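Below you'll find a set of structures to go through.
In what comes next, chain A is part of two complexes: it sits with chain B in the first one and with chain C in the second one.
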Partner chain A sequence: MYLEYRVDGGDFQASGQAAAGIKRTLRQIGIDAEVARRAAIVTYEAEMNIAIHAYLGTISIEILPERIIIQADDEGPGIADIPAAMQVGYSTATEDIREMGFGAGLGLPNMRRYSDEFEIESQVGVGTSVRAVIILPAKEGN
Partner chain B sequence: MTQLFHSVLLIEEKCRGCTRCIRNCPTEAIRVRGGKARINVERCIDCGECIRTCDNHAKTAVTDPLSKLEEFDYTIALPAPSLYAQFGKETDRRKILASLIDMGFNDVFEVAYGADIATFLTLEYLKNPNCKFPAISAACPAVVRLIQVRFPSLIDHLIPVESPMACAGKLAKEKTSERLGIPEDKIGTFFITPCPAKVTWVREANSRGTFFVDGAISMFDAYGEIMKRLLTIPPPYPQLKASPDGVGWGRTGGERIASKIKNSLVVDGIHNVINVLEEVEMGRLDDVEFLEAQACVGGCIGGALTVLNPFIGKMNLESVVDKSKDRSEPPEDFVKEFRLKERLDEFIMKLDIMAVPAFRLDQDVSRAIIKAEMIEKVVNELPGLDCGSCGSPHCRALAEDIVQGLAVDTDCILKLREEIEILAEQLLEMAKKSPSALKRDDNSGESGE
Partner chain C sequence: MNHGVTMRDIVVKLGCEVMAGSEHLDNPVAFGYSSDLLSDVMAKVGLGDVWVTVQTHENIIAVGSITGVSGIIIAGGAAPLPPTVRRANEEGIPLLVTVKPSFEVIGILYHMGIKGRSEK
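Here is the complex of A and B:
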């Protein structure tokens, strides 16, 4: 199945919606709780990055019996130095954003850590795309 | 795995189908169908939220009647700390205990004393280097059940030590059996409960063969009996054992104060608890050592079976706590007395805490995915007002119910109106078309010549 969420830059009230949505759906599908938690964290960090760093974007989630694919595409400033951005603790978030409890520089590293496949592409001045895949454990027969 | 017994029940005759309760239920366990509320037994966590919201008093908590005392040779009351909060600031705690004995119990064992023991056990458990942060207190059974139903990935954050109630019951039986030579199964321990969740917990433990606590008497029921006696009850009064910190467990923050864990987070009220657990699940509170979470606003003094408003209760309990600070006898060394250090594993929780998949659409993942897809489609066709008039808590929940075959789209009053409108238009169309046999040719008089 396919779920899609629009994320507006700067909209911290609505962000978190995609993560809440995927959590609910995965709980209904009966996906292993720990795997669902990982998927929710990846989704949450992806939507927060759009809200914090970009102008406008979409999160699309595809749920298949054997894997979950989370894709985040945005129009935004892009990332000039991706290897630096992937470092734990690296953040360009402003002071105000840090005061709101975001911008710890853990988002991208955690997204990579919690997914089984992880790709990021970015073009400065255009936008950023992140794709994360989470493999579902084979279900013992029901 | 489905829990059969629930303390929280609906009284059908009183329910007027108003849908007030359904929107406030933290696990979306209630639907109104056929003019009556129905509680889904898998989802219900016995938090008592619906008892508090129902103006018609159609929700109730099943507790044990006082007559259950007769089933035992010897009975011990286990008063929850929150009981001390129900009788005003000046109350002498010993008189409450004496009143319990006067109303038919042979003895009392303060759950506040059990709380002292639970504090010790918690601190011992937290020495374990493998415990997951934040370690979550398992003292509130509604929170434990919430985690099983909604946050199963957090089950291994729970601190698996027996609750103050269970510690009190277990030790009360042991001591009494030793002292009087009565076999433990002839000794009945009765929790004086502030909430339905504890009643369910007791029954659940009993059904699995653990009898630290044999019954749960509603605080409401005990309140009246104690009130009758409180002013006139003569000495001797039972000796007090619980520390001020143990008594303080009755209110929010009590566990934090008792354990002295600085790096801890305290949350009360089931909807607040859900918000905090969401954060824990997202890994945003991994640096917090201890999480004290209670389903009721104010903690157990806000339980659905308490008498007083929780804020007044808090004022009273603080005064009881303060008074017990200037007690003359030195506190007892319960760790030695009960040899707790040598038998820590006896106090590991006996209930297996397992995930309850109460939201799963289908046993089969592929079929569940198809259903989830259908839900998205149905949701998009609903008005999105989340008004609850359909008897489901919000539009998405109705969509889920429709896909599960438990509701139809015309349960939505706006959908129904839409369909009626279409039908009405069709009727009008039809009304305009008179049968051809009756049709008069309007031009017949004029045309022709």
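Here is the complex of A and C:
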């Protein structure tokens, strides 16, 4: 199964559509609640990073029998220092965005923590790509 | 988690207003969490927990829905924005508003037997 969402930069008021969509879909197909929760958290953080830090992006989600692949690609400023960005508490978010409770510098660490495989690539002035994989628990009796 | 507290019990105890999700007030409460940083809530709040925050915008419902909370309490008296109320109703999440500040709300919840997740 394949899902794709477009995310506009700056549209963080109404965001979270991709995360809501994946959670609903995973529950419908009977995926374990805790796994669905992890996938939705990763998706939400990816979505928010595009909305807050980039100009335009897509989130694509592939649901395979044994894994969920969450891919976020954006056109945006990119990240110059990825190891710094991966640190808990590192954020370049503006004061307005922080007041809304975003910009705690926990998004990328959350994504890494809740996924089984995590990769990030970025080119300054071009954009950023994040790929997170969540391994599905083997179904009993299969 | 054997306190048996539901969102309805919290509404009665706080004497607060239910802005949305009133048909889900029988949701049992597991643990409690309080934070105004959305990514922090994402990382810490658990399925069935009650979340106390002063944030009022629509993203609190996205966070509450993704993490599967039993309800959200907006402390400090600020009213939720209309899209927040609409989305809480759509997602079926009890949304409570109280003038009491977070500290007092948490104290009351604690007295009701609701603990933090790390204390289990």
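Here is the rule we go by: the second predicted complex is superposed on the first by the 140 of 142 C-alpha atoms of A that agree within 3 Å, B and C clash if a C-alpha of one lies under 4 Å from a C-alpha of the other, contacts with A are read in each partner's own complex, and residues count from 1 in each chain.
FYI, a contact is a pair of C-beta atoms (placed from the backbone, for glycine too) under 8 Å apart; a residue touches a chain by one contact, two chains touch by 3 or more.
Computed from a predicted structure; not experimentally measured.
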**Study point:** Partner chain in contact with A:Q28 - chain B first, chain C second, else both or neither
**Key:** first
Practice item. Kindly classify A:Y44 by the partners it touches after superposition: chain B alone (first), chain C alone (second), both, or neither? Key: both
Check your understanding: After lining up the shared chain so the two structures overlap, which partner does A:L3 touch, if you call chain B first and chain C second: first, second, both or neither?
Key -> first
**Study point:** Which superposed partner A:G107 touches (first chain B, second chain C, both, neither)
**Key:** second
Review point. Touch check for A:I63: first (chain B), second (chain C), both, or neither?
Key: first
Review point. Which of the two partners, first being chain B and second being chain C, lies in contact with A:F118: first, second, both, or neither?
Key: neither
Review point. After lining up the shared chain so the two structures overlap, which partner does A:F12 touch, if you call chain B first and chain C second: first, second, both or neither?
Key: second
**Study point:** Shared contact residues on chain A - chain B and chain C
**Key:** 19-20, 23, 33-34, 37, 40-41, 44, 110
Check your understanding: Which residues of chain B touch chain A in the complex?
Key -> 150-153, 155, 278, 281-283, 355, 357, 359-366, 368-373, 375-376, 400
Practice item. Report the residues of chain A in contact with chain C in the complex, numbered from low to high. Key: 12-16, 19-20, 23, 33-34, 37, 40-41, 44-45, 48, 100-102, 104-107, 110, 113
Exercise for review: Mind listing the chain A positions that touch chain B in their complex?
Suggested key: 1-3, 19-20, 23-25, 27-31, 33-34, 36-37, 40-41, 44, 63-65, 110, 136, 139, 142
Point to revise | Contact footprint of chain A on chain C as seen in their complex | key: 36-40, 42-43, 47, 53, 55, 57-60, 62-63, 65-68, 83, 91
